[in-house]
Every structure is written in C-alpha cells, then in structure tokens.
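What follows is a set of structures for review.
After this come two complexes, each holding chain A, first together with chain B and then together with chain C.
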Partner chain A sequence: MADLIEIEEKPIQSKTTRSNIFYHLIKKKESAIFLALLGIMVIITLIAPQFATIGNIYRVTRQISFVAIAALGVFTVILTSGIDLSVGSLIGLSGITCGVAMAWGLGPIPAVLIGMGTGFGVGLINGFLVSYVGITPFIVTLGMLSMARGTIWIITKGWPIENIDKRILVIGQGDFLGIPLPVIIMIVVSIIMHYFLRSTVFGRRVYAIGGNEEATRLSGINVKKIKCLVYGISGLLASITGIILVARFNSAQTSSGEGWELDAIAAAVIGGTSLMGGAGSVVGVLIGAAIMGVIRNGLVLMRVSAYWQTAIMGFIIILAAVIDRIKNRQVS
Partner chain B sequence: MSEFLIEMKGISKQFPGVKALKNVDLRIAKGEIVCLLGENGAGKSTLMKILTGVYKPDEGSLFYNGKPLTLNSPRDAYEQGINIIFQEFNLCPNLSAMENLFMGNENRTKYGFFSYKETRKKAKDFFSRLKIDIATDIPVAKLGVAQQQMIEIAKALSYDTRVLIMDEPTSALAIKEIENLFLIMKELKKKGISIIFISHKLEEVLEITDRIVILRDGENCGDVMTSATSRKQLVSLMVGRELHNFYTKRKTKPSNETVFEVRGMSGPPHIKNVSFHVKKGEILGLAGLVGAGRTELANLLIGAEKKTEGTVFLQGKEIRINCPRDSVAARIAYLPEDRKNLGLVLPMGVRENTTLSIHNKILGLFRSISPSKENTVTDKYISDLRIKVSSREQVVNTLSGGNQQKVVISKSLALKPLLLILDEPTRGIDVGAKAEVHNIISALADEGMSIIVISSELPEIFHLADRILVMHEGRITADLPIEKADQESVMYAAIGEV
Partner chain C sequence: MKNKKLFTVLVLALAAVCLSTPLFAGGAQEAGDSRPTFVMVPKLVHPFYEPCIEGFKDAGLKYGVNIEVESPPKFDIALQVKVIEDLIARGVDGIAISAVDNKGLVAVVNEAIAAGITVICFDADAPATNRACYIGTVNEAAGYTAGEYMFNLMGNKGNVAILQGGLAPNLNARQDGFRAAAAKSGVKIVAFEDFQADFAMGVNKTEALLETYPDLNAIFGVSAYGAPTAATVLKEQGKSGKVVIGGFDDLAETITGINDGSVQFCLVQKAYKMGWLSVEKLLDLRAGRMVPDIIDTGIIIVTKDNVDSYMGQVKSEVQ
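The block that comes next holds the complex of A and B.
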C-alpha cells in the first residue's frame, strides 16, 4: 500500500505543469468536481433515462454555455477578490441595446458591437467606482444591478424588441458539426480567457492582486487599473451572453438574464474559485456551470416541482461553499 | 509570605533558530513600579508574554506570593490579576467609553438585557475613583489617545488587577498627558498595585520607577534601584556588549559619487524635514527605536505614502515618486519589514514572486509572459542566493522564513535596483540564514549597489553599514561615519539626547 502511494506521488512532484497533460489533469483539484459532475449525470440518467439522449444533451450544453460565458467574467472579478452582482442585468441591457440597434436598421455587426460596447462600458463604470472611487464591489454592483435593469425598462417601457435582423439568429440557433454555436462560442471564449489569465502579464497580475493586493502594489504594479479593467471584462462577457440570448429567442427580452448573477457566481464557486481571490481556473468554472445546468435540467426531467427547484439550486451553492471551507481548513 | 508578589526564576525560551531568553529572573514587590529596560529584541516582550500566559517558558518557574504559578493561557493570567496594556489599544471605537470599559464583563438587567443604567453608574464611579474626566456615553472614536489609554487602564482595573504591565504607555502621549498618567500610576501604587513599566524614554523611567531591570540579548544584565543610578549607567548597561568581533570590514570603500539624495522630506505620520544622501556602493544603516519613523520614511521614499514636502534626486536628476510604481520605474527596490503581508504573494510560487516587479522585461508574444525568460531569471536567483526549494514552482507559503526572505530579495534584485532599501532584512529568520543575508548585502554593495538597511538590531547595523543615520521621533538626530560611531552615541541619538 505504501509503495502504491509513493509511485502515485512521485511523478506529480517531479513533472512541471506543461510536460504531462495526463498528470496535470489528475492532480488538478478540478478533477474532483469533474468526477462529481459525472456522478450527478449518472444518477440523473438512472432516474430519468431521457437525460442521456442526443437531443437533451444538445439543449443542456447550449443552456450551460449561456451561463458559462457570463460566469467566466464574474470569475475574473472574483480572482481579484471582488464580486460582480450586475452581470444578470448587463446580460439584459446589452441584449436590449443590441436589439434596439437592429430595430433602427443597423446591420448585425454594428449591433453586436454596440451590445458588447454597452457591457464593457457599464462594466468599466463599475470598475471605476470600485477602484478609483473606492466603494466596495458589493454595493457598486448591487446598485448597478438595479440601475441597468431599470434602464432596460426605461428604454423598452417593458415591451420586448421583436424586429430583430434575421441574419443574427444563427449565433443563437445554428450549429456546426452538430455542436450548437453558443457552445462553440463558449469554448472559444474559454480558450481565450485561459490563455489571457494564465499566460499574459495582465492575467498574472489579476492572480497576484487576489493573492496579496498590497504586496502587488508595492511591487510597482498599477493595481487600480487592473481592478478597474476586470469589471470591464465581466461586463463584456455578460454582453456576449446577452447577444446570444437575443439571437436564440429572436427577440430582446426585458427579463433576459434576471437572476443569472446567482448562477454565474455559483458556477465560479462550485468550480473551486476562492471568494478570497487568487485561486481558481477557467476549467473549474466551466465544470461549475455544467453542474448547475445539469442539475437544473435533471430536476425538470425528474419532474420536480418548479417551486422546489429554486430552493434546491440555492442549497447546492451553499453546499459547495461549505465543502470548499472544509477542504481549506484541512489544508491550513 | 514572600517578600515579592511575583517572581520569575530562571526563565528560558527558545524560538526556532533564536534563543530569546536565557535564564532570566524578574521580581516585583507589592506596590512597586519596576521598569523593564532594553534594546529592541532584548527579550522584553517575550518575557511579558510569558508573564501574561501567551507563551510557556521552556525552563524556569513563576511564583505568585511565594507559591508556584502555572499559566496555561492569557485567561489564567487574568484570573491571577495580571493584566497588560498594549501599545496598540484593544478598544472598539464605535462603542461608548462605558461599553468598552465593561466589555466582556457586561452588567445585565434581571431579564438578561444590557443594563445602561447600572453600567453608567459603575463607569462614573470608576472614572471618578481614578480621577479620569471622561463622559461615560462618548464614543471611543471621539477620544484622544491619552483618554483611550485611560479607558484601557480603567478596563484593566475593572478586573481585580494586582500587576499591571504597561508596554510603552507614553509613546503616543503629550507631556501633560504623561504627567497625568504618572499621577494615576502613583495612585495605583498607593493602592498596592504593582506596575511593570516598559519604556525607552530614560527620563521618564528615572522619574516614575522604583527599580530598573535591564535585559540585553535575552539575559539579565542589571537590576538597579532608580535612586542609585544615572542615565549614563543605564545606557552602558543596555548596550554593554563588546563590539570588536562585529566589525568585519567590507572589501571595497564606497565611491564619492552620490546616487540618491533626499532634501527636506516631510510626510505622514510624523516624518519631519529629513535630508540625507547615499553614495554608490555605500551601505547606509538606518537606526532608531521602534516608532522612530524608519519604516515610515521608507514608505515615503517609495511612494507608498504621499510626502507633503521634499525633493528626491537619483543620479543627480530630480525624480517624482508618487506611488510604488514610480519608484519601481526609477529602479528603487524596497524590501518590506512585513515579509508575509507586504513582500510576498503567499499562495503563488517562487517563480511568480521573483518576477512580480519585472513583467515588462520578460515579455513574449502578445504581452504574454515568456516562460523561458521567466524561468531563466528565477533559476539565476535560486542559485545565486542559494534558495532551498523543491522546484521553482514551490508555493512560497511553504518555505522557511529565511528562504522566503531570499525570494523577496530576489524580487528586489530582479529589478536591478540603483537603490535598494532593506527594512529589517533579517527579522524572524534563523542565525544561519541571517549570516547568508548579511553576506549577500555586503557583496551587492561591493558590486556598487547603494543600499539602505533599516534595522532594530544595532549589531547588524554596525556589522553592515558604512555610515549610520539615527532617527528619533521622525527626525534624523545623527549622521555618523562608522569609524566615529559607537553603540552609546547611536543609543543617545536614538533616545533623542544628542
């Protein structure tokens, strides 16, 4: 037995991160939640076999991709030990501005840029208030949650925007090689974010700020600028989700993204992101989003009452946080 | 019945790599005011932590009224009537004076609610007995330092305190407030309460205490009656060690070229009109007691705090430093005193920490960090500074203090600094690592780097420095070439008596 343990551990210590993808995956703490995801999928399939059909998997992955893209933005903010509660409203608002642009007759590309600009711009306002004015992220983004949603109602008077340029629909409804386009967009965004956070100077500084903000500042790094920009990134990714939803439903809905900040934050936390900042990975967030999406879908397939579903999702988030806490306590 | 209320006999305490206390004795009689005197690091706080139950001694025993006393926790010390007032107060600024006074000891009504009436009455009573003039309902945040301290004293006495330890109680007080404090101390003495008074200010020590116990390097080295001693005797007892072995001269002499100069720098919290210069290849030692403003000066130099006045010249050109980014850009590196909170990103690896200040010099494609460049830099410092790591990826949180310090030094050196400011570079690291760090510092100066070393340990300053600046209460009180400096002259400057 002792021999076995040694054999298992040696390669893990000696290999550097890039050299052995297999061990890299095994030793990662993401592997535990990935196993949890597989377990949940097996259980759901046993109770509701229609879960494992092509049609259902297609729908579930597409549903997951909506949340996952926004979750990657919130995740970036959480890495700096901040929080962004406004993503749900920004999903809605950028969908509306994108829709309004198309209703005015602008082509799909300008409309998408306007939608993304809305998310990025409002995100930067969040960042400016957090970073340069010095207000706590919780309050800034809570206020923005309400402001952005209110702005949607002001713009639309509560009516959805229906006259959408049909050329945009492919983003939300199309597929490529049988994979839904939103899922492909999610994968592309994930690869970019992974590279961005792991390999660029900016990403390194994001993790450093979450690990020790003061030491990072004393090392001559412009902490304020980075903290400001991460909120911009969060808004930008929220806007991508918002635009995809417009294309998916062929209309810009006023309630789009409502309450999604919960799913996005939950995906990050379930995926092993530390709310203290400085720890977490893109892969973890994707798995976290998948767990949320699979359970939601499973509850529907298992015919659990909608009243129960919300409570159960909340319970799962708290459960994830408790497990994380226990794990951390064991480490320290 | 013993003659002494408290006796500490043969106390020894070892920390990893350091012998903090060696066979130390301390006795206090009932109603006596004893001063515990010694340099920074002499072992005063360790001894007091043993007396208040925070640490357990490795050897030695405590007696209370002649009976053996075992303290397992601060709570035990409390219950025996041993109470300490720290330099930093433990008050809740948002709560009122009376609420703070009875914190943890609240008066309740018979239904279990907090009784304002009873608390107010008791607080008034307490304050008047101590002749303290503070309104019971005023929030502590609105009180001055002196009044907050009075509340701390009152709080200590609200328990049945027999021995009161005061750690540098006068450091934040004005002269009038000190007089008032002394009146209260005399009052307490009359009531039979014993006081251990820790202070660096010899004048005060000579005025208020009955007896002075001097510690040096964790050992007893004097126990004198206040009436029978002098300032001169106290200073020589405090520093007293033979110094000759500490002089290991550097290979090179500093050149005459001035690299860094500061003129008339003032800034928060209390730095006033500081001017000095550092030459190429020179090690400037910055000495002073705790609270003299050395770290605060360093913070102004690197822009961590904004200066209110003063100009800074680097290689003859005036530079503006408003934030740490500016100082890093000017290649002024700072190694903070608080390595874990200010120097390192603990959850990151050796590699990420080493290159934290030089991201722009290790760039690859698209502003990415080039792994090969980064690894080269990291490996160079791991081997140059002989950092003991399992790999360059090892998380710094798991390294020993000495190796952590070397990682912070690596980070500073990676910047190729023109000026290197080291704040307590050997604090909390073991003797072997200390010698290594000293050698690194000397070697860097030999290569022509200009270095400022802030240290509370005089031997370290004497060992390393070419010139010594001494600070006292935010000002520079002495600028001594090493040949002309001795421990006594530095100590006099450090206590502001030049």
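The block that comes next holds the complex of A and C.
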C-alpha cells in the first residue's frame, strides 16, 4: 500500500560510493520516468538537432514551467486521494482578476496579490465544500470549473484585458543568469513544496490522509482542516501560473488555462503520483510535466503532421504510465 | 439536528436562486406588442458575435422588429437544439442561427419551420436543414483572398507556415482556399500546425516553427489567435516585420500588432453586416419575397492604412 510513513530510501551497506549512487538511482521511484525523459530527449535530438540548442531549451523549459506549477497544486490534492478539476479555470480567473486590478490602475504588486488571493480563496471554497460539507471532490471542483470560467465571462464578456501594467511583464518574459523567470519561480515553488511535504508535520499528514484517511483521523489529526487547506494550495499555485501567463502574453486571456487541468493531472500521474493518494513526489511531477512539454515541442521540430500530434501525445501518456507500472512492480 | 437546519437553509437558497433567475434575463417582450420578434442564436458566448448582435439590433430598430439574442452557454449541439426548442415553444417569428453542426440541426429546424417560424443561418451554415438562406463568409473564397494578398506581399516566393486553432470545418475550408492560392503562386507551404485555440500553445508552436524553419518568410493564422501569437514571439526575438504575419479576425492584440508593424494584415469578416442582413432577409422572407440561397458577405482586409476606419466602412455598406 501507500507509504504512510515514507522514509528516505537509505542505501544499505553498499561497499563503494559508486554502487551506492547507482543503487540509489535505481531504487528511486522516479528513475524509470526520468530515464524515459532522457530517452525521449535523445531521440528528438537525433531526428531534430535544433532541439538541443540553447534557445530551444530556454523556451521549452519556460513552456514546461507554466503547467508544472499548477500541476504541483493538483498533485498535493491528489496526495490526499482528492482531485482538483478547477485548476484550469482558476488559472484563467486569477489571471483575469490580476489583469482587472491592473486595468484599474492598481500597481503590479497589489494586482499579483489580488490574483493570488483569488486562486487561494476559491481553492479554500473547494476545500470547505469537500471537507466540511462532505461533497465528492470530483463534483465540487467540476462545478467550480464552470463557475470560475463563467465568472470570467461575466467580468470580461469574452474580451481579453489588455491594459496590463508593463512592470509585471518581467515575471513572464524576463530572465536571471540566462534562466527564464517562470522557470526560476517553478524551481522555488518546487523546493518549497518538497520541503513542505517531506519535512513538515503538516506535509507528512497530507501523505498520511491519502494512505489511510480513517486511521489518520482516529489518531487525532484534524483531517478536515488539512484537506481544506490542500485545495487552497492548489488554487494558489494555479493562480501563480495564471499570473505568469498574463505577464508572458501581455494580456489576460479569457480562454487562458482552458483544459489545462487535464495536463496538470497527467503531469502528476506520469510522474508516478497515485490517484489513490498517499504516493508521489515533487520531483516526479516536474519530470511528468517535462515529458509532456518536451514531446509537444519535439513533435513540431520533428515535423510530425498536426493531425497525428494529439493522438501521439495521448499514446505517450499511456506508455509512460505503463513503464512506471512495470518498473514499480519489479521494485516491490 | 444541525444538519437538518443546514439542509433547510440550502434548500431555501436553491429556491431563491431559481426564483430570481428571470431577473437575469433581459429584453423580455412587452405584452400586446404587434411587432415581429426575431431571435439570434449564436454558437456560444463569444466576442465575435458582438458586432453581429449590434448589426442585428440596429436593423431591428430601423425596421421596427423586436430583437433578442439567445446564446447557448457553450459550444454544444445539444444546448443549441434546446435553445431552438424553447423558441419554438415560445412562438417567435424568425430565428437566425450560427450553426454549431449541420446534420444535428435538421430535425429541430424543420420542426421550427413547421411551426411557422422563418429560419435562416448566419456566420455558420447548416445546408442539410431547410433553412431559407445563409448569410455570411464563404470560407474557401475568404481563404483564397487571404492567400493572394499575403503571397503578393511576399513577392510570390518563399516559405509560409499555417497556424490553425482547432480542426473545425469552417477553418479547414479557409485553409483549403489558402492552399489553392498557394498552388497558383511560387510560395511553398512548409508547415501546418494546430494550436487548439489556446494562446499559450500558439506561442509554443510558433517558437518551435521558427526553430525548425529558420528560412520561414511568413506565418498565416487561419483562426483568431494565429496572428497575435506569432507576432508575440517575433517581437520577443527581435524579428518583428522580418516575417510576414497575417491572419483572420481582428482581436485587440491583432490590431495592436498592425499598429506596431508586427502584423501586416488581418482579414475581418463583416459580422455587423451579417447581423444587419439577417433582419432584412427575415423580413423579406416573411413578406414572401425571394432571397438567394447563399449571400456571401465577403471579408475586408485590414492594414495600417484602414485600421482606424474599417469598422465604419462595414457599417456604411449596409446602413
């Protein structure tokens, strides 16, 4: 079953450092999927050498960061064996509220806070309905998917918001030491989430709930509060993606994030997250998002017909899940 | 006990929402009104329909017709059929539909006609139904015009990539027209990419296209986001103006691009004219006058020269 008390895998009595590292790599749950990512990158580079240029890597990592940040939020919800279908709409809605705030002449910092507040607040509403009212996460967040997207239409009537404060653009378009800022934000968010989930009491309880909710509750832990907050985190991370997209494209698009919930969930699952809850890692989610982003880019570079790309994408998601399944069966 | 109370509160809240729904519905018809009622049924709520609705309302005002708009909440044939069924039940006089689907509307359109309602299509045709006529862009012809204009700008040589948002039939028809024009010129279509009407994906695809084809001379956007997504990337890479960018529809970003020189032209459907003519043709049909089967409203090419005046140009064509 899921690792209720997950202990960092320790290399057991290995003689040399080299075999030590090797053992560590193979034992890691993410290793199969990481090797798959490397394999995919090698194949793409062999067919289309432009893939490995600095310019392309720069842009692909930036593309990946958008989905990856939101995926880390959904991942946290999935750890509690929940699901969040509203992230795509929350990406859009928080981008719009951030854009509206800027159109009103509020500076970039209040606007970003308003955007993040929107995501966090709506996420908490999801969480409240799931944990305190006791409605299935699927239905709550499906309803919220429509409500949030519908709110965008009410606010904008379908028109994009274009009066964006130029000072915010750096978040989506700037870079630091040659690394795009969205990628740096992704890395920072990942480190925080990794630390939060692995090393804090709250984070360990998130895993515990997914492992066995009833047992966790009986051991005196406030399960409802944790579940409620987890949806808030998901909304918050979705809003960060939404705000970055506004800064990236210089406008708040009404269709922003449409359908992205599926990409986010797929990134988590490809990265080895169990939909039953309790198992998965931040690193895995990042690799999952990277696989999808790399393939999307590679299909164009390899000049694959547009009619084939969507089907191939789906095939590779299933293939990745199969590889992961076989690998983890062997380990256990 | 506590749950029971909560339940009661929720039921009351639900009832309140249901009862207040009519408050949100605008433009209800006044009783005893002898004027005909024409209803526009778009595919979904979308900015594209705003000039259509404006033209529809303006013509309604001029000819003394009650005008209403009933949009299905999203692009879904079942929802559009339901909207039309509701209109049949209400007994309106004329319906102008932007068809979500051709075959899927046959039964309900025939039912409406049997109930004495005049039905026409605008923007998107459903020729399989018995609708009286279609008013809108003939997409293949529009794509051909677009191609001719773009290839002329390119000096009839070089490489072009096509960006299309979704594989819908109307977009495919435009693409066919564009390809037909390319076949007659010296321009080569090197790539065709579908970005599924997602702005972020359009940018990603453009970045990959420029990486794959360093000798690309032009990018054509078959649907609304095509041109602005391409322009976003070119501006960022400092190649603005070096690659010809053109495409359908006048999104605000596209117009911004035309003004700053990153987009060379866009093609605008005469949406206002579609709405206006819908009222005129519905009136003609109800008066028993003959109406052509297909009325091509044509497109207008927008460049830096007419970017400020084209809207007025379209309006003055019909008013």
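The criterion applied here is as follows: the second predicted complex is superposed on the first by the 291 of 332 C-alpha atoms of A that agree within 3 Å, B and C clash if a C-alpha of one lies under 4 Å from a C-alpha of the other, contacts with A are read in each partner's own complex, and residues count from 1 in each chain.
Rule of thumb we're sticking to: contacts are C-beta pairs under 8 Å (C-beta built on N, C-alpha and C of every residue); 3 or more make two chains touch, one makes a residue touch a chain.
As the structure is a prediction and not an experimental result, all values here were calculated from the model.
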item	value
Contacts of A:L218 with chain B and chain C, given as first, second, both or neither	first
Larger contact residue set on chain A - chain B or chain C	C
Partner chain in contact with A:P137 - chain B first, chain C second, else both or neither	neither
Touching partner for A:A279 - first (chain B), second (chain C), both, neither	first
First (chain B), second (chain C), both or neither touched by A:Q173	second
Contacts of A:T200 with chain B and chain C, given as first, second, both or neither	first
Of chain C, residues touching chain A in the complex	45-47, 50, 73, 164, 167, 191-194, 196-201, 203-205, 207-209, 211-212, 232, 236, 251-253, 256
Complex contact set, residues of chain A against chain B	13, 16-18, 195, 199-202, 204-205, 207-208, 211-212, 214-222, 278-279
Chain A to chain C touching residues, read off their complex	48, 50, 53, 55-56, 59, 63, 66, 150, 153, 157-160, 162, 173, 245, 248-251, 253, 255-256, 258-259, 296-297, 300-301, 303, 305-307, 309-310
Footprint of chain A on chain B - complex, ascending	302, 304, 323-325, 327-329, 334, 336, 341-348, 352, 356-357, 359-360, 363, 366-369, 371, 390-391, 393, 411, 415
